Amino acid sequence: MSYSDLKEAAWAANMELNERGLVLYTWGNVSQIDRDAGVLAIKPSGVSYDKLTVDDMVVVDLDNQVVEGKLKPSSDTRTHTHLYRHFETIGGITHTHSTHATAWAQAQQPIPCFGTTHADYAYGEIPCTAVMRDEQIERDYEEETGVQITEAFAGRNPVETPMVIVAGHAPFTWGKDAAESVYNAVVLEEVARMALYTRMIDPTRGPLKQAIVDKHYLRKHGKNSYYGQG
Amino acid sequence: MSYSDLKEAAWAANMELNERGLVLYTWGNVSQIDRDAGVLAIKPSGVSYDKLTVDDMVVVDLDNQVVEGKLKPSSDTRTHTHLYRHFETIGGITHTHSTHATAWAQAQQPIPCFGTTHADYAYGEIPCTAVMRDEQIERDYEEETGVQITEAFAGRNPVETPMVIVAGHAPFTWGKDAAESVYNAVVLEEVARMALYTRMIDPTRGPLKQAIVDKHYLRKHGKNSYYGQG
Amino acid sequence: MSYSDLKEAAWAANMELNERGLVLYTWGNVSQIDRDAGVLAIKPSGVSYDKLTVDDMVVVDLDNQVVEGKLKPSSDTRTHTHLYRHFETIGGITHTHSTHATAWAQAQQPIPCFGTTHADYAYGEIPCTAVMRDEQIERDYEEETGVQITEAFAGRNPVETPMVIVAGHAPFTWGKDAAESVYNAVVLEEVARMALYTRMIDPTRGPLKQAIVDKHYLRKHGKNSYYGQG
Amino acid sequence: MSYSDLKEAAWAANMELNERGLVLYTWGNVSQIDRDAGVLAIKPSGVSYDKLTVDDMVVVDLDNQVVEGKLKPSSDTRTHTHLYRHFETIGGITHTHSTHATAWAQAQQPIPCFGTTHADYAYGEIPCTAVMRDEQIERDYEEETGVQITEAFAGRNPVETPMVIVAGHAPFTWGKDAAESVYNAVVLEEVARMALYTRMIDPTRGPLKQAIVDKHYLRKHGKNSYYGQG
C-alpha cells in the first residue's frame, strides 16, 4: 500500500516553506494528515531541503509508528501527532524557526493583535505557551510540546487562530491541509515582524480595538465573509 | 464597450507593486480612474498576483457598481471610490500592507518628517487617521475608511502629501495615475523604514526644521523646481 | 574634445552603486574628477539607473559650468564641486540615501566607532554636520551643503575618514576615484547598520578604546600597513 | 609536495561563506587544518571572493610560516593558528564580520541563550571575550586575539560551544572541518539576529531555563542524540 498523494502534498508544502525563505538548513517541517487512513506524511529528520524527495517523506500513524518510509521521521513528530489528535478539524501542520516569530517565542510573550493584517488571519492575540515544567521535559519532550500548545488553546478555537508560539522555542501553525499551514507560517512571520516594529515605534501600544478585529476577521471568515471570489 | 487602456494601466501598476516586493500573497491593490468616463479599473478581490491578467481587472463606477469584468472587485473598492470622489485631482490609488508603513499604522502615529528623503515626496508629516468609531465600523467599513482619510486631510493638500496611514490598518498612497501611486507606495515604505530606525537611534528626535523641508519639497515640486530634466 | 575615460569611470561607479542595492529609483549620484583638466563627470539629474548610459554623463568644471553633455547635471553638483575644491586629495564622490546611514543623518548624530569594522575604514567617529542655518538654505543650498561638510572636517583629514553624514539629509563618501567612493558608501551603510544594532543591544555603549582603533586603522592604512597583498 | 585536498576544502568553505551572504567585499576568512601534517590552508589577505581560486589558498604551519602559496595569508592567520594549537579537537575555523554577530561584539556582550535554536548548536551563552589590554595590542594583536578567545573558554569545552564573539571586533566559529565552521558561522548570525529581536521585544528577558537548554543540546549532540538520520 502506498500513500503517494499524501506524501506528495506534504512534500510540496515542505518545498514551498523553503522557497518562501522561512527555513535555514534543516530547521522546520511540515506534515499533512489523511484522517480516514489515520496517518500523516511528515518530513524526515535532519534531511536538507535541497535534497528532499517525495520518496523521503515518512508516513506515521497517530501513535507515532512508521507505516511507510525508510528514514526516521522529524524529531518533532510527536508534537504533530498530539496536535492532530486534539485539534480534530485541522489537516496540516507547519513548524519553523522563522526569525521574528521565534523572537517572540524567545521573549515568551503572545503577539498582540496590533492591526488588521493580524486580524485578517488570527482572531485575537497569538498565544504563547507556558514554559515547560521540568517533569514534562523529562517525560516526553516532543509530546509535551504538544500538550503545552493544546493547553494554551483551552477555550479557544484553533481554526480561528491557526498559529501559536511555543515559549523559548518557536512557532507552529496549522490549516485545512499542509499547504494552508505553510501559508499561515508565512503570514505569522510577517505579522510577528510588524508587531516587533510596532513595539519599537511605541513600546506602550496596546491591541487594536475589538470592533475592528471582529470586522476584519469576519469579512474574510465565516458565513458572511465577502473577501475573495468564493 | 471596453476600457482596455485603463485596465492595462491599472494591471501594470499592480504587477509593478508586486515586483517591488511590497506585496505578500494578495495583500494590496491598485486602481486607476478615467475621470471623463467616471470609472476606475481595480484589482479583483483575493486573486494572486502571479495569476493576475489584464482581463481580470474590474471596472467600477464611482457608486461602486461593476461596469465591466467577471470578478468581484477588491474588498477595498469603496475606499478607493471615496478617495476619488473627494480628492478630485488624483488619478491612481495604491493600498498595501507594506511592513514598515503598516508598523506605523499599528502604532497609530503619523510619520514625522525626519529628513530630506521624506521632504522630497511629502510635505510635512505623513498623517495617521483617527481610529474608527464603532458606529462607522457597523455602517460601511470600507467607505468609512475613506472618510477617515479625507478627514485626516482637512486643511491639507493631498497632492502635496500623496500618502496616509490608516490607524490600526495600513497605508494608502495616490498620484496622478496608478503608476505614480505605486511609486509613492515604494517611497513611503522606505521613508517609514528610515523613520523607524531614526527613532531607534534617538527616541527623542523631533522633525527636521521647516526651512529645509520647504527647500527640498520645492526643489522637486512647483514652478521653481530644478530637479530632473523637465 | 571628449572626456570619454572620465565619463566611463563615473558611469561605471554609478552602475556599481545601483547594483550594490544602495539606490532606490534615482536617489544617489557619483562623480569622478580629472584634476589636470579641472573637470568632473557626474550623473545627470533625475535619470533612472536602468536607463543611464555613458553618454548621459555630464562633464562640469569646478565653477559648475557644463563642459560636455546634453542633460542637466545632478542637482547636488555644487556640493560635489565644493568638496573637490576643498578636499584636494580626493578623486571621486558618492552621495546616497542608503537606509541606515540616512537614519543616523536623520537622528543628527555622528556614528560612534563601536568596532574594528568601522576602524578598518574610518579613523574615529563618522562626523555629522551641523543643521544648516536658514540664511545658508536661502543662499545656495547645495553649495552650503558642501560648506557644512568641510566645516565638519575642520582639523580632520578627509582621507582618514572618507565619509560624512549631513544632518537631516544623508551621507556623502569619497575616495581616490569614483569606484573607491562607491566602495566607501557600501562600507558606510554596513557600519551604520551595525552601529544601529549595537545601540539597540546596549543604548549606553560608548566607542571602542582608542588603542584598538589605532591598531586596526594602521594595519590597513599608512606605511606600516600589512593587510592585503600590496 | 602539494596540499591540494586541504586547499580545496578550505577554498570551498570560503566560497560557501560568501554564497551564504555573510561576507561583504573581503571581510572574512576560513581555514582548515591537516593535523597529521601540522599545516592549515587559509584564505590569502585582501583577495576578493569572486576572484579567489584554489591555487590562491595559502598553506602555513602552526608557527605561521608559509609552506605553500605565492600570496600572503590572511592578516588574521595568527589568530587561527593560536586556536588550532589550543583547541586540539577542532579542524576548521571561520572568521566573519557578519552583521548581527558583530553588533553583539560591538556591544561587548555575550549572547544569552534565549531559545532552543541557540541551544541546538551552542551549550549556554555564546561568550564574549574581554576587551584587549593595551600591552596585548602592542605585542602581537592577532596572536593576542586568539589568547582572548582561549581565555574566554577557560573551563568550557570549545566543541560544545563552537563560537565566540571578540569584544569590539567580530565572531569566530569552528568545527570538525572548514565546512562545519562555516555552517556554525551561519547559525551564529541567525542566533544573534533572533537574540537582538528578543531583546527588543523584552529588554529584561533572561536566558531560557537550563533543563530545556540541556534537552535540546543533548537531543542533537552526544551519545543519546536522536536528531537526524545518523
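Note that the chains are named A, B, C and D in the order they appear, and that numbering of residues resets to 1 at the start of each chain.
The rule is short, and it goes like this: a contact is a pair of C-beta atoms (placed from the backbone, for glycine too) under 8 Å apart; a residue touches a chain by one contact, two chains touch by 3 or more.
Here is each chain with its UniProt name: A, B, C, D = L-ribulose-5-phosphate 4-epimerase.
Just so it is clear, the model here is predicted, and its values are computed rather than measured.
Common neighbours of chain C and chain D (chains touching each): not present. Rotating chain A by 90 degrees superposes its CA atoms on those of chain D, with the angle stated to the nearest 5.
Judged by shared residue numbers over all numbers used at their interface, chain B and chain C contact each other through mostly different positions, with under half in common.
Note on chain placement: the centre of chain A and the centre of chain B lie 33 Å apart, centres being C-alpha means. Between the Cα centres of chain B and chain D there is a gap of 46 Å.
Across the assembly, chain C contributes residues 200 that each touch 2 or more other chains.
Inter-chain contacts, as defined above, occur between A-B, A-D, B-C, C-D. Across the interface of their complex, chain A is touched by residues 24-25, 27, 44-47, 71-72, 75, 97, 99-100, 102-109, 131-132, 134, 137-138, 141, 168-170, 196, 199-200 of chain B. Chain contact summary for the complex, chain B toward chain C: residues 114-117, 183, 186-187, 190, 193-195, 197-198, 200-202, 205, 208-209, 211-212, 215, 219, 226-230.
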